[in-house]
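In what follows, structures are represented as structure tokens.
What follows is subunit A paired twice: with subunit B in the first complex and subunit C in the second.
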Partner chain A sequence: MIVYILPKNQARALAAALAEGYELYGPVLHGISGEPLFDRIGDPDAIRLDAAIPYNPPKTVVFPQAERILSYRYDRETRQAEIVRDDLVRPKALVGLRACDLAGLLCLDRFYLGQEYVDEVYRDHRKKMFIVANTCVRPFPQCFCVCTDSGPAAREGYDVALTAVGDHYLFETGSEKGEALARRLGLKEAGPDADAVKKKTVDASIASFDAAATENKAWISRVMNRITTGFIGNDVWEYIGDQCFECGACSFVCPTCSCFNIEDLAARDGRTGRTRSWDSCSYEGYTRMAGEHNPRRPVEDRRNKRFFCKLSYSQSKKYLRPGCVGCGRCVRVCPGDIGMSNVVTYIRREITKAGAK
Partner chain B sequence: MSTLTGVCTFCGTGCGHLLNVEDGAVRGVFASPGHPVSRGRLCVRGWHIHELLATEERIAAPAIRRNGRLERVSFDEAVAFAAERLGRFSGDEIAFLASPRASNEDNYLLAKLARTVFRSPHIGLASDQGHGDAAEVLLEGAGMPAMLGALTEIRRAKLILVVGADIAKLNPIIGSELHRAARGGADLITLSSRRTQIAKLSGAHLWLKPGGLRHALAAAAKILVERGWRNEAFVRDRTEGLEDFARCLSGLDLEALAAAAGLTMVEIEDLARRLSRAPSAMAFFSSGISGLDRASVALLYDLFLAAGQVGREGCGVNPVPGICNIVGSYDVGASPRFLAGHRRAEGSEAGRTPRELLAAEPTTLKALVVADRDEEIVRHAARIKGLEFVLYIGAYDNPFTDFAHVVLPAATPAEADGTYTNAERRIQLNRKRVEPPAGVLPAWRACAAIAAKRGVSWDYSSAEDVMAEIAGAVPAYAAVTYPKLEKSFGLQWPCDARHESGTVRLPLEDPGRRLKFAAARADFAAPSPSEAFPLLLMAGKATYFWHRNNIMKKTHIPKREYNALLLLYPRGFVEVNPADAKTLGVRDRASVNVVAAGGSMRVSVRLSGDVKPGTVYVPYFIEDMVPGFLNAAGAAIDEDQDSVIPVRIEKV
Partner chain C sequence: MSGANPGAIVTVPEIAVIDEIKDEIEDVRTFYFSFENREIGRNFRVKSGQFVMCTVFGAGEFAVSLPFSPENDRPHLSVRQVGQVTRALHELRAGDKIGIRGPFGNGFPFEAIKGKNVIYVAGGIGLIPLRSSIVHVLQHRADFGRILLLYGSRSSRELMYRDMIARWRKTEGFETHFSIDRPEPGWTEHVGFVPTLVGPAAIPVKDTVAFVCGPPVMFNSVIRELLAAGLKDDAIISTLERHMKCGIGKCQHCAIGRTLVCTDGPVYTYKQIKTLGEQI
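== the complex of A and B ==
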């Protein structure tokens, strides 16, 4: 790993260079609301590296909401089926990925590229991907990555990591591809104090987190302990379940949620496409099994499943980290009031109450 | 992936969304942050609209029925054939079934086709009885035939009264806003005869006897008016007709009303007191599924008028329709009651609803033009099958296409420019975001093509041209233009010379505005249990059953959820309180007969504490339940209003 200097006015050149070999994705601002979105970028000038965390998760690029993974045609005469692995995956560059979203991507890697099973379509996406991470130099109101060990700076998984310092970025390379880009852009190496400068920037960022986020740090590990051991009263889950509108949004925006549904859809041209699409444990049909058995019918059981998945120790063993990366998106999209940080608060309230008895 | 801004076209909330479009096809959808109504949220339906917009299971080509089969023909041939056949009938012989899902532009031109080309006044929606009634009460009383308050002001309301159906299930994002308001300290009160999700999220649930809503509202109004808790200054300066209303109330017996409502006097007094003292208050009710009848809307409106809770920030009486463009459909005249601009249709301009004509015996009806609609078919299948000519215009096939003589494909909301007006009168523009399949046009172009074949030439080159004409015909839309809509998240009507950038809530200061009490003359008869039929059955609709469900079945996840429900309860279920179940000797999932005076049906029992002893609840999500039981039992379910049927449950 080498650290270079990228002048801020050269950020466009970085995006333009990547646009030659990749479809470019990055943070942009919505035309009417001005809200940041992670979107396909046509014009490298539109990219906004200083925008707040995008509302939609970049996981959409690697794990699309709906994606055809293969198609087949069945010939009734010959009783032959012709199956085609459609090669629809194109190389993509993700520019300005936040540390939390990159941590989420690594969780997805452990699910889709685990040792027991490798998902070929997902692997294709990942292999053809270029990642430019971006250190959060200022936290945004709903963020709590400091509580979940996933920010504000990325530690692994990137080709290039940027950190804004004054009029330039520190440009750290994390792969051979990243090195090649640095050479291509003709970047100068940073001085020997680069590490210290970065540490100072990151420390300042951590210090500026909302008190609620930093204070919750210890609580998240206590809540993990509670969830793992199952010591949470049913009334707490009911309180949470009553507020669940069963929309599925928490799963859709979550950088680590990997569950999907498979649907075969006949197209007009006679082929049948197999589509993989996002699914959510908040739906009753999600856990329904053959023979009409459904282990998690009441809504509070389904909510409970989500938080078990995100915060229990046994799940964390699979991800090698908590299943929550502290991006705070579930707080913003939830029609109820049961985003992750609120749930931690509800459980914390119960722990405190129990302790007082 | 490329995100394109638009508006969800399922329910009347009008949430903002971002469609993901890749390689010219819809691939996904995301909630739109910063949208003033939905503020970055969507419900389970909204999160899956891309599945519907991307489906290939749709009408792809024009067709004419020959020898009993629909045969693919050119657009021109289909239009010429339909125009010629329709031309054989007089205006009284044709009815036009418009769609509350279609855009304002589509509906405006369908109404124009009906009224000016075929001289038929018989144009209407289906499932709009509830909205029509609410619109009439509010038009006559306040001069504003839709929501008097605003969804964007829910968080400003200090008291919110939810009346009747479960808004958390029907319009989840409005339910979410109500929940947020309650978390922020607002007094959220639900008045309903079943413990719904919004009741669970409310600070107070006034658990009514089925059929007791009018009694509860009248009792609260009586207390408010007679105890001097009314807002005297507001009533004096802004309203007229309180005397008539007070006279209606004075003849009522408070104790009897409370008993019929199933509430205690303390509960009703408390409601009246809180309503009169709240700095601001809103009422919400569904004007679609399980909506209120006219008398209940009038009582609710009068109650809020007397309390002075109308026309200020965070105030208003707010009907919420279940379908995206019911409000707009009325605005542009897709109703036999109103012409464009809510001018009352009178004399030869006043028509009858397609529903009335289909039900009439004998009927003058010979031909039917249906635009993107799947209601009515269950109840009137035989009648529709017997019509001489049926034209269906729409994006998705449904049982109507089985009876249609000509089918014309139409573009989806993602494939054509068009505006949709939500519950809070917000006119929002959906731009064309993907190309329709070859040869598929927006429905308004089909109307224009038919008109042209009848020798009437309309000069519209775009939907924007149609909106320009609507702005001239509908006073509340006078200042609406596409460029203004495009730069914003919509404009709330009235949007005219006085209110250039729209109007958030009922504008009290407009010259000549005087609010009139609706002088509700309610019928206080209520169904009561008898020895033969000891239980009161309430009917509603299940979560994943949205209208005829034709649309939801084209999605994957909501369809799976619906199927999961069907697998569990193939014939439907009846919610029974555990105490009643014990008396009856039935267990969860037991098969029972539900018997009413007019008919019976076999369903499974679902034990639930959400119904009180003595009451049972049937969500209907199985089509057979309509002709087989609900119709026979005389339920108003088809009128989309709360219905109560005395029944008994028999073990089988």
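== the complex of A and C ==
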């Protein structure tokens, strides 16, 4: 790893260089609302490295909301069947990934590419990818990555990691590909104090986290313990379940939620497309079988499932870390009040109450 | 953790021809199939107790247990029409094509039960996933102690695999007990729900394993009877069903507590089932 200096006015050159060999993705501002989104970028000038954490998680690049994974045609007259797999391998550059989102991507890697089977669809999306991480030099209002050990600076999984310092970025390389890019951009190496400057920047960022985030820090592991061992009263799950609107928004904005549905949908050309789309364990139909038997019925059953998935040890073994990366998006989108940090607070309240008895 | 099945068809289904269709009971048909590509057929190695994902072109895909014994039978599926995709399958005729992915799942633990008495308890179409195991155990008769089948359905018309049952009744060393829920003219055997077969069958308990499959209500009361008779919870084996989309442990629809039925199951001991922390 070598640290270089990338002047801020050269951020465009970085994006433009990557756009030559890759589909470019990064934070942009929505044309009308001005909201930050992580999206495909046509014009490298549109990239906004200083934008707030995007509303949607970058998982959309490797795990799109809905996509066709194969298609087939079957003619019942001639009884000819033909199935074609869609080619999903395209080199992609993800520029300006926040540390939490990169941690989320690595969770997806371990889940989809590890375990018994390799998910071939995900693998194809993930092939030939270039990742530029971006340190959060100040937290955004809902953030709590300091509690989940996933920020504000990325530690692994990047080709390049940027940290904004004054009029330039520290440009740390994490791979040979990153080195090649530094050479191509003709970047100068940073001085010997680069590490110290970065540490000071990151420390300042951590210090400015909201009190609620830092207070919960030690509690995450205690709550994980409780969720794993099942020592959480049913009344707590009911309280959480009562606030669930079953909208699925928390799953959709979560950088690590990976559940999907598969449907075969007829297309106009006479073919049928097999479509894979996001699904959510909060939906009543998620576990419903043909014949209407549904083993998981009450809403608190299903909410319990989501938090078990994010914060139990058995799930964490699949991700090699907690399933929550502290991006806080679920806190922002939940129409009830059961974003992750609130749920931790409710469980924490119960633990404290039980301790006081 | 069971590990991936080598040679499984993972993402893109392979095309198979329906060679023959047999009516079993009302709404249940057996579909005999062979792969269009013979090479694929030769490499399609199934363990008893596994399942496949079956594509009905234009309708979708569903998970279905494999009733055939890989050493003895032609590949087939026995399917009740119960939802949109299985209804579409029932529309098909011999010569039509389907898609197959798999085989997936862990399969039955035959090595671990060698030398033991084996009891099969099934209700209705719960016999389908146990069929391959029964055929296997009867084939290797000398490796096991007593072999019993306790099988019941709502009526005599709803007993699966009629021809096979006729043969099983005459198979030496295979103790079969049948029941139907309500009396019928001409029915001389047991009348009552499946769990009431456990008492009269005088089941062995020592060195015994029981395979149980059927609707949840039957399952729970059969388990109660078997435990009361003295069977241990790790000597009771079942195969579970769940809504499934991928079959390879990624879509998560089949999660029960911390287990995934598609990759950790579908075969579990009752001891495991008890600790999953969710309803069956």
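To be clear about the criterion, the second predicted complex is superposed on the first by the 343 of 357 C-alpha atoms of A that agree within 3 Å, B and C clash if a C-alpha of one lies under 4 Å from a C-alpha of the other, contacts with A are read in each partner's own complex, and residues count from 1 in each chain.
Basically, a residue touches a chain if its C-beta (ideal position, glycine included) is under 8 Å from a C-beta of that chain, and two chains touch if they have at least 3 such contacts.
What you see is a predicted model; the values in this text were computed from it and never measured.
On the superposed subunit A, the two partners subunit B and subunit C both fit, without a clash.
Seen from the CA centre of subunit A, subunit B and subunit C lie at an angle of 80° in the overlaid model, rounded to the nearest 10.
Looking at the shared chain after the overlay, A:F252 reaches subunit B, while subunit C stays out of its contact range.
When the shared chain is aligned, subunit B and subunit C each come close enough to touch A:R288.
In the superposition on chain A, contact of A:D279 is made with both subunit B and subunit C. By the touch criterion defined above, A:G336 reaches subunit B but does not reach subunit C. By the touch criterion stated above, A:G230 is placed in contact with subunit C alone, subunit B being left untouched. In the superposition on chain A, A:R79 makes contact with subunit C only, not with subunit B.
With both structures placed on the common chain, the touch criterion links A:V121 to subunit C but leaves subunit B unconnected.
In the superposition on chain A, contact is made by A:F260 with subunit C only, not with subunit B.
The gap separating subunit B from subunit C in the superposed three-chain model is 8 Å, by closest C-alpha atoms. Subunit A uses residues 261, 263, 266, 279, 288 to touch subunit B in one structure and subunit C in the other.
Within the complex formed with subunit B, the residues of subunit A that make contact are 25, 30-35, 37, 39-40, 55-56, 60-61, 64-67, 242-243, 245-249, 252, 261, 263, 265-268, 275, 277, 279, 283-285, 288, 292, 294, 332-337. By the touch criterion given at the top, residues 69-70, 72, 74, 76, 79-81, 83, 85, 111-112, 115-122, 230, 258-264, 266, 272, 274, 279, 281, 286-291, 293, 295-296, 301, 305, 308-309, 312, 314-315 of subunit A touch subunit C in their complex.
Taken in their complex, subunit B has these residues touching subunit A: 1-3, 5, 18, 20, 22, 27-35, 40-44, 46-47, 50-51, 54-57, 60, 168, 172-173, 175-176, 179-180, 183, 197, 200-201, 487-489, 543, 556-557, 560-561, 563-565, 567-568.
By the touch criterion stated above, subunit C contacts subunit A in their complex at residues 1-4, 8, 10-13, 15, 36, 55, 57-62, 82-86, 95-97, 99, 216, 241-243, 245-246, 248-253, 255-258, 263, 277-280.
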